[in-house]
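Please find the structures below.
Next, two complexes with chain A in common: one pairs it with chain B, the other with chain C.
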Partner chain A sequence: MGYGQRISIHHGNGGVHMKRLISDLFIRFFENDVINEQSDSATLKVSGQHIAFTTDSFVVDPLFFPGGNIGSLAVCGTLNDLAVSGATPLYLSAGFIIEEGFSIRKLERIVISMAREAKRSGVKIVTGDTKVVNSGKCDKLFINTSGIGQVEPKYLPVSSGSKVKPGDKIILNGAPGEHGMAILQARMNLNFRSGLKSDCASLYPLIKRVLKASDRVHFLRDATRGGVATVAHEIASKCNVGVDIDEARIPENTDVRAMCEILGFDPLYIANEGKLVMVVDASDADSVLHAMQKVKTGKDAAIIGEITSEMKGKVILKTRSGGKRILDELIGDQLPRIC
Partner chain B sequence: MGYGQRISIHHGNGGVHMKRLISDLFIRFFENDVINEQSDSATLKVSGQHIAFTTDSFVVDPLFFPGGNIGSLAVCGTLNDLAVSGATPLYLSAGFIIEEGFSIRKLERIVISMAREAKRSGVKIVTGDTKVVNSGKCDKLFINTSGIGQVEPKYLPVSSGSKVKPGDKIILNGAPGEHGMAILQARMNLNFRSGLKSDCASLYPLIKRVLKASDRVHFLRDATRGGVATVAHEIASKCNVGVDIDEARIPENTDVRAMCEILGFDPLYIANEGKLVMVVDASDADSVLHAMQKVKTGKDAAIIGEITSEMKGKVILKTRSGGKRILDELIGDQLPRIC
Partner chain C sequence: MTRGDLPFIDEYRNERMVLAIAGQIREISTLQISLMEVCGGHTMAIHKSGLQAFLPENIRLLSGPGCPVCVSSQQFVDHAIAIGRVPGVILTTYGDLVRVPGSVSSLEKEKGKGVDVRIVYSVLDALELASANRKKKVVFLGIGFETTAPASAAAIIQAGKQHLQNFFLLSAHKVMPPALETLANTDTQIDGFIAPGHVSAITGYSIYRKLTELYQRAVVISGFEPVDILQSILMLVRQIEARQFSVENEYTRVVRAQGNPMAQELMEQVFTRESAEWRGLGWVPESGLYIAEEFAAFDAAKQFKVRVPERRSPKGCICGEILIGKKRPSDCPLFSSVCTPVNPIGACMVSSEGTCSIFYKYHA
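For the complex of A and B:
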């Protein structure tokens, strides 16, 4: 196989190593028409109906962080995978792997957060599983959430990106990097005097509004592991187009910026849990922006770039200083276990 | 809450502690009409269609054992949860939590087993997720499989058990305890000179044949954690009936019997991964038995007892010696991490 002999932490970071593992191992052996699509969620046909189906395991460390916990993260993450496929999220499952000795009070707080997030988005957690492993055999608690949603046929291209074309505008709903930096701050007990919080949120209400505002939304993706840069690369390769990003137009969180400068990170590669990258027909970009800004999760939305016919498969960053550079794909890991 | 302050290994064994955790915590906060059913899989309505949806996380130790590995177990376990709901299994998801440093060759063997089991039952693994945790933060590999199936309306009662009534016969498809004892043998490197193998298998082909042979199949359940005894208790409490089991009629594996005698286990409480407990109208019991015996997973099928109107909610074991005793619910743990 085209990858190393042992699993490294990089195989889980959303970047190049993980993509190779997925294509060389999982896609190769599970081979079927649906999985080959490699979307955030699979779109299936069950007796004439289009169903979106997705799964995510959450291993975030620490379990509780400013702006959320592993439970709210698990529910929002799976809801968002369904929503960016143009689906109406309907049902979730919840699988718990718990380390012996874990506090039941903490588990209760986490379960309550899951229930709250699910109710907020009008989905039901309908089935579950509980496994307990001996002390030391897992790190406190892991949660898997899988989800089912219903997709209106007219939204199917949103997931495949088949309509993305040169001239389309790229919209981001807010400042990147908040989740990753909030996790790092909590993990290292850093003494930044900041109110930095994870952006962990369900994007379904925002997406619903966007899809109502325009029939020309050509692609939707939540920027999680690997950040906005990784989504930009996904668009470039999946749709075989060039992606131009204008650094000066990217919304900014000053706390994230400060931490990134100190630690040498680039916010564009940092994980988010409430950030949406959209490709919209130029003619509808402003109306979509307008619609987004009415929702809390969209109030800082901005057009950050556009699709081009040059440099196909590449992402070009127009820097603040006015220069241009190729934005590389994420290779090494920035932060493990942020989701 | 009605349970202890910390999670214990017993909270994952399928017995009393786990049932309390589920009802006092998960069912309580996730509260909705579907989860309250507490079936192996949730039956949902998606635009007129009945969909079965289930999830399972697998933490089996060791990962490879006689008769299977964590991959075949994960696929069969989820297929079986769908099949016992009367569903035709259609699609699976696969979520991997991998410890840094895990052998990619081993991962490949596991993935190949998953692909093989899925193909065998005609289901597609359509979506997945990969997380990597640092060395020591999980025990090699955990897998979550969630699944979707389609349920014909006429099979809905099979999952709810609403038609179970006194006089119905209880059928078991083979000797209990093989999976649990095979795992224990592998884990302890016991030097029994036995060909003991896990019974890990997809029950869908068997169930398909059974449902074809009779319209009077009133309940189906795969006997996994907690074994046949736990399913018997589920029937007794869920259907508010008495359950009589005739020990002399229970199919026996001599290797399992030998190990259980030495180690002081009761095969009725040991986990299986290819054992099916059925409740069938007495008039169809023989024809169902006949149909089962034509399939490999059903060749040792036997009528092991019947539903009664006495001792409601209790399970009575008629012992080989001719005496009768109440078969208790599983409280302490027999074997952790067998699935």
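For the complex of A and C:
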């Protein structure tokens, strides 16, 4: 079916449209053994060492939001892409596209956040690029970060999910939807009274702890655009298994749920910037959970579901009221309902 | 507050309650019956919570024409696009409408080509936009039933008070009672209606009297959570089994017998009722809300002289019959093969409250 005549906003939402654009355009022409893997980071073998390499661009609006800013996001986002590939993040680059007239003071605040996040995770920002465009040619500030990290060979399978099997447990580190709803609230002036903050955080410290606690972590993914539901689908299709999720066991943030109820959204599809979905061997699930709960980013961690051998490629949600239904892939952006 | 139950929601999703009510339904239900949930919000809630699994096989649920986006005619989308192409116009709309295919294009596609289309959460946001951009013409695409129409009416009155000369409404607002009567007259078997909770919050009970008294159908006004819907089904089954029909209200925490008189008054003041076209039902007398002559200055249909292209209907699409419960999405040759949420042919596949979209999402 292809990817249409023109780029629409859905080509960037992490759902079906974007997948199609990536596979039918980018991968088709860039085609090689590494990109074909379609992982969050490319894993390369350089002089006998396994290196994870990734890049991400940040265009968030507004630049500052409760819980973070475009700078902290740009560092955490790339760190997380490395960390979920089983890598120890080492070095980052930072490219800035700045609109003429942008406040230097704001830029300074953003750069300070970037430095702080990098330091916290023990990585160095070692190279960068600066471009200024005429007023109106970009929206205030865009940032690109790339990163590399080193992967111990035993962690190579967590990126591909090749060890995922029926019976494995699915663990989520906290309530989904905080980043997306915090941004929406800041952007739309929705006038909800809440203390909602983005969950923007580096997941590396948490992942390090998890990998130390268990040798049977079979898959790691940060649930960003498209939310937890999109990762669940990735597991189902990539590993050719069924995924069962139990709605009642998903950690929740009441503010997020309340806003979602009002707007007609489902928190499972809302973007996160500090949420980790893991598949762990059932025998180690409890010990991993305990290890996670000792860290701030994992204190609300819970087992939310299980890998099955039925309904391969599908995600089944057991609803709070006891029914069962398919949890579909995100297609268009979620739109507010009108009545 | 970061953790805890959501009051007025979680208690209505309680699994034990659901099982208990489902058990009562099974106990008393003997007849083969069809119930129509009129509102798209109900259809969505039923499928999202997986409720059908709890119902006995002799109760069939039909989805009705209560998705505002779905019943808006293709012509309306075409008209909106034509107005959107006028230089200096900002189109404002509720979300779902942007993806609905018109004859040749959709608002979403037009947006990609440079038409200024903005999604708003309330008509009052459109009003604010007009107030802040006096050199632009802000057109709000008014869709929806008694739920959204009073807000559109209030916006027009507000625009008048603020002397805004650049705010316009293109009204496809509709009212429910004539459509329900049309449904009761079709040959589709409908023994009872799960009546729309939020429409009823505005109208009150009276609009359903004809259905119970003249057409001998059961009517229960229902809330939107699984427990609400099952409880309403139980009440409907009781009425049908006893052959005693009346308007009952399950949604007592929101709906009052007399409705919301202030909202009713606003609608009466701003709109007149004339025949309107519904996808699926065709032209239904007295079902469309058109802007009264007194407020013609705000009527986009009158203030923009645009040529609306002749309609081209998609071949094979049976949206119309699906909207009146006559057919199911799986009966459509296009369903899930040609027509999918990624590439919707009919409006029912577009809206999150559209029957086809809901079936595709939760069952395909």
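Keep this in mind: the second predicted complex is superposed on the first by the 332 of 339 C-alpha atoms of A that agree within 3 Å, B and C clash if a C-alpha of one lies under 4 Å from a C-alpha of the other, contacts with A are read in each partner's own complex, and residues count from 1 in each chain.
To be clear about the criterion, contacts are C-beta pairs under 8 Å (C-beta built on N, C-alpha and C of every residue); 3 or more make two chains touch, one makes a residue touch a chain.
Since the model is a prediction, treat every value here as computed from it, not as a measurement.
Set side by side, chain B and chain C differ in how many residues of chain A they touch, and the one touching more is B. Judged by the touch definition given at the top, the superposed model places A:K324 against chain C, while chain B stays out of reach.
In the superposition on chain A, contact is made by A:T54 with chain B only, not with chain C.
Touch criterion met: A:T254 reaches chain C, while chain B stays clear of it. By the touch criterion defined above, A:I7 reaches both chain B and chain C. By the touch criterion defined above, A:A42 reaches chain B but does not reach chain C.
When the shared chain is aligned, no partner comes close enough to touch A:K212: not chain B, not chain C. Within chain A, the residues touching chain B in one complex and chain C in the other are 1, 6-8, 336-337, 339.
Across the interface of their complex, chain A is touched by residues 1, 3-13, 18, 21-22, 25-26, 29-32, 34-35, 41-42, 44, 46-47, 49, 51, 53-59, 61, 90-91, 93-105, 107-108, 111-112, 114-115, 118, 124-134, 136-139, 142, 144, 146, 148, 150, 336-337, 339 of chain B. By the touch rule above, chain C contacts chain A in their complex via residues 1-6, 9-10, 13-15, 18-19, 39, 41, 47-54, 68-69, 94-96, 98-99, 108-109, 111-113, 119, 121, 143-145, 147-148, 198, 226-227, 341-343, 352-353, 360-364. Those residues of chain A that touch chain C in the shared complex are 1, 6-8, 16-17, 175, 188, 190, 194-195, 248, 252-255, 257-258, 261, 263-264, 319-326, 328, 331-332, 334-339.
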